[in-house]
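One chain, subunit A, appears in both complexes that follow, with subunit B as partner in the first and subunit C in the second.
And now, the complex of A and B:
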């Protein structure tokens, strides 16, 4: 890909003719498109397939044994990891539900209630910017806010609400939930906003003219039509929540063990099949939860319309 | 569009009133604002603490620049910083070029949806799983020595879908009659691209490069798996923060500096992408 990058640089110096000839050949781009597609396939699809394959190998004395076996998968669930899995699931689902409850009304307001174009643009920009900021420095600062001598406790003590610093604010499940809810809010809002924004205003007017109450408009028009966005939002929230690693590490203080911590410890113990199995398990879990949601969503509308873009 | 049907129907505007009571609308609005405040407040707090004498105390006060001085007299972060910058620039450039090529070709394909889906798969795979998948592929299957190249590849896989989606914003709107007009007037393919298409796609290409750079510069989870023994900036901060509490003030200063450089850059990108492109 670097060669292509070089070829597309503006022609400089005496080799202009050569570069232009190369550029002309690349201008119809079929070659380049195929090359990038193939590169992408080997970089993304193949590793994921290999990941699943690797989870069926096992480790004996720090060496990977390349014989298909279910030992790794059986070991996953017999060694007390059920607890970790259930905790991860519980936290991820709680976070997703809370996000949905806050994000949907906000997205609705942003798409249909907000009258000022500038206000909307600013909100959207503010929702997008966090994608590009460093997670660890954004999360580590919560230690200084939630800690024993932090902002919250200082305020509570100053106001005389409590006599001793509140300890469960940091290094607890509450803190992990909190950190995840804050950092996963934008990925939940954006797709829902995009879906609601696509609903034509005339549909809402028609619903109103036909005598529907606002609640009926919401439940029979807006929610079914925004389902694709809701499902996309849940994917973008649930996936990172299932594999959350920064928040439990920084705010859990070693007390909140999630699947990601198991992956990390297996990684440092060189048990690659276990790493593969756990990572694959996260993907499978995400797919299973999505499948379940898809079935539930079918009762409200046509969720498969979210796939229409993919069918092309 | 006022309701004329029956008097007991509440009057609602042509725009939507989400429920009977305006309080729901207010709740939705202020709930979202509260979340935005929770996202941005820590950033302000981070900068305030970084210029305090005792950042670990939790409350800003007794402002001083001593931690910035300590930061600049400490050279341990130079190498990871340089590594992050080089990887970021490389990823940004490759993302911009590759995304431009795919972004131009995609709208002309027979089934663009399927190809697009393949390119955005990494958005749906948790970072940890993707990092582990690439790690096992490179280390256990191909038995390669990990280093900056594998970190860069991991970042590319993460940043490319975003770059592609950004480029698509401009390529989908591109008017192909301009290209036909250029051809009719006898311009070569290259001239058409360079003189007509490229200037119009420019804001998208620049944004894609910048986003690619920033995604790479701030990425932790995939780097942890793919780094081998090398360190990028976020990984260095992470290790320091986890190992020694005494290093945290320096990390606060460093993170503040990065933030103060990153935020204006991002605002610029948004202005370029939406304000300028939107007008034209």
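And now, the complex of A and C:
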């Protein structure tokens, strides 16, 4: 970020000066980084631009009509379909916040509190195991547990806690939140754990020696230093939560219509421009969110310190 | 992925085809390279591109009966992908016959990608005796009634239910109302409804029309206003708590029935069969309905380019074979499909010494088809108003 800002500054000194500065900057930069950025641009940015462009076309009888039109965008808002993006955003943010509230203390304990090497290894292994299993298989199991004749309801009925099966356990927003929290826990914990793990213990001791209360050590030392991990965790959690498809489909029972489900439905009607518009809309929302987060994070410290490895 | 009416999945079929292919190769090698190739060249080869559901497990009986070999290249079940292949990739240059679910002929026919069917072709001997329920259905005709293909397989989908929970006799042949799905107090909160406008919107319109609440010009292709009427009704029912869940996949149909999460579900017939394997015979039943069915079918169409090729006679032989008793009986026995001319299938089985159980199963399928197919309505994968229907379905989901 700072590099780009630095490269942009000489622009005030005229076009030629700007180009020269840019050239000098590029020469300074590591060739590998340039190559990676270029590949990234071709593989990620270009398709997104193409996608965005597609939302201004229309499809008639399975053929795309390459005449610019705003119909898709107008339809998106006039039919209220854009509401799925708000619902998706609400659920994704709720899940991310809950996730952060659970994951941070856990990561802190795992990195600094857990003194047993074996215990830590077991915990880390447990966190990685879910990655080896297919998402659908991991999620579908919950249906057998949360259903009306599922494990929990059977136990509740058996214990006499309830007279009739609890319906909202499955096929509800609660179930979708639950499923997402379970599946997105590792991506939130891991980066935070790594960031906290990197904090030198002597810093914590110094803070203690200088008379800081545990809360002050947490808020003034640990939280600022773990920010890069927190941001990474939030991104790794929020992104998949916004794109969640398996959990709303399997645990929401069709009543929790999220952006991915809406996109899939449009795809089934071969409405590619609608697919493109919805996707573009989410990307814009996501960029706005990340931008906001970056601004907030800057108040606490230097969030770009997570890029320091590249700057080397 | 399983297809709609099969008890095999595609991976199994592919493996089986590959094994068959390998044994055929081994056979060729045994006969001796050169003579083997020469022999293969004598027999005309018909190349089919389409959904693998139409394939026989083994094409050898057809080769024996017709002296024509067939080779089926499996396409995606996704209509968009299939249409792109035919239109964009010029599949007609290499394929002779296309096989796909109802709807593509409405677009690919008039646009010149399919050749019109010559009903009077001398090889199409079984055309005359094929029932109009099949040969004049929207599966093989376009909206103007022009004939583009022959029917291959199909079924009339309704809903699965637990007779015991609804107080019905398990062997009842009684025609039930779709109200069990949408409005019955007995089933409120105990219904699973398919989450796809293509599959679920039509049956709701069918029900509304039958009870006189609305009229629709074409249930398979609802105009924006008609789609709104249906969506309004469904939103009202959703708010009343009629639906326990909206399901997405075939596996879910089976699961919802098997673990008793719902009493009624508009599902594919094989889901009921699978559930009964777990729950016992006739624990669940597939309904006969008063109002009608989601009738679907696959048609076989001739590639426009093939009309100029010299194998047109062989192509019509294969099309005729799709109407024949042998194809019918083999498809029904090996994959559980129904189709046109079920009676010929029964005849074939009896003449070829199939066991009593197999013949009885074929007869049952014939009776079922006769009872169901005279009722509305034929679905399509390509409604003109797909956009409006999908948009209204989203409104229902978001309500």
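The definition used in the following text is that the second predicted complex is superposed on the first by the 255 of 312 C-alpha atoms of A that agree within 3 Å, B and C clash if a C-alpha of one lies under 4 Å from a C-alpha of the other, contacts with A are read in each partner's own complex, and residues count from 1 in each chain.
Throughout what follows, a contact is a pair of C-beta atoms (placed from the backbone, for glycine too) under 8 Å apart; a residue touches a chain by one contact, two chains touch by 3 or more.
Just so you know, these numbers come straight off a predicted model, no measurement behind them.
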First (subunit B), second (subunit C), both or neither touched by A:194: neither
First, second, both or neither for A:144, with subunit B first and subunit C second: both
Partner chain(s) touched by A:36 [first = subunit B, second = subunit C, both, neither]: first
Partner chain(s) touched by A:174 [first = subunit B, second = subunit C, both, neither]: neither
First, second, both or neither for A:156, with subunit B first and subunit C second: neither
Partner chain in contact with A:93 - subunit B first, subunit C second, else both or neither: neither
Dominant contact partner of subunit A by residue count, subunit C or subunit B: B
First, second, both or neither for A:81, with subunit B first and subunit C second: second
Partner chain(s) touched by A:130 [first = subunit B, second = subunit C, both, neither]: first
Subunit A residues contacted in one complex by subunit B, in the other by subunit C: 144, 147, 149, 249-250, 267
Residue ranges of subunit C touching subunit A (in the complex, touch as defined): 79-80, 83-84, 87, 107, 189, 193, 195-198, 243-248, 252, 255, 259-261, 382, 384, 386-387, 389-391, 393-395, 397-398
In the complex with subunit B, residue positions of subunit A that touch it: 1-2, 4-5, 8, 20, 23-24, 27-30, 32-33, 36-37, 40-41, 43-48, 50-51, 54, 64, 102-110, 112-115, 121, 123, 125-138, 140-142, 144-145, 147, 149-151, 153-154, 181-183, 185-186, 189, 201, 204-205, 208-209, 211, 213-215, 217-218, 222, 235-236, 239-240, 242-243, 245-246, 249-250, 260, 263-264, 267, 272, 275-276, 278-280, 282-283, 286, 308-312
Contacting residues of subunit A [partner subunit C, same complex]: 61-63, 75, 79-81, 83-84, 87, 143-144, 147-149, 167, 171, 249-250, 253-255, 257, 261-262, 265-271
Subunit B to subunit A touching residues, read off their complex: 1, 3, 5-6, 9-10, 12, 14-20, 24-25, 27-29, 31-32, 35-36, 38-40, 42-43, 45-46, 49, 55-59, 93-94, 97-98, 100-102, 104-105, 110-119, 121-130, 132-137, 139-141, 153, 156-157, 160, 162, 188-190, 192-194, 211, 214-215, 217-218, 220-221, 224-225, 234, 237-238, 241-242, 248, 251-252, 255, 258-259, 262-263, 266-267, 270, 274
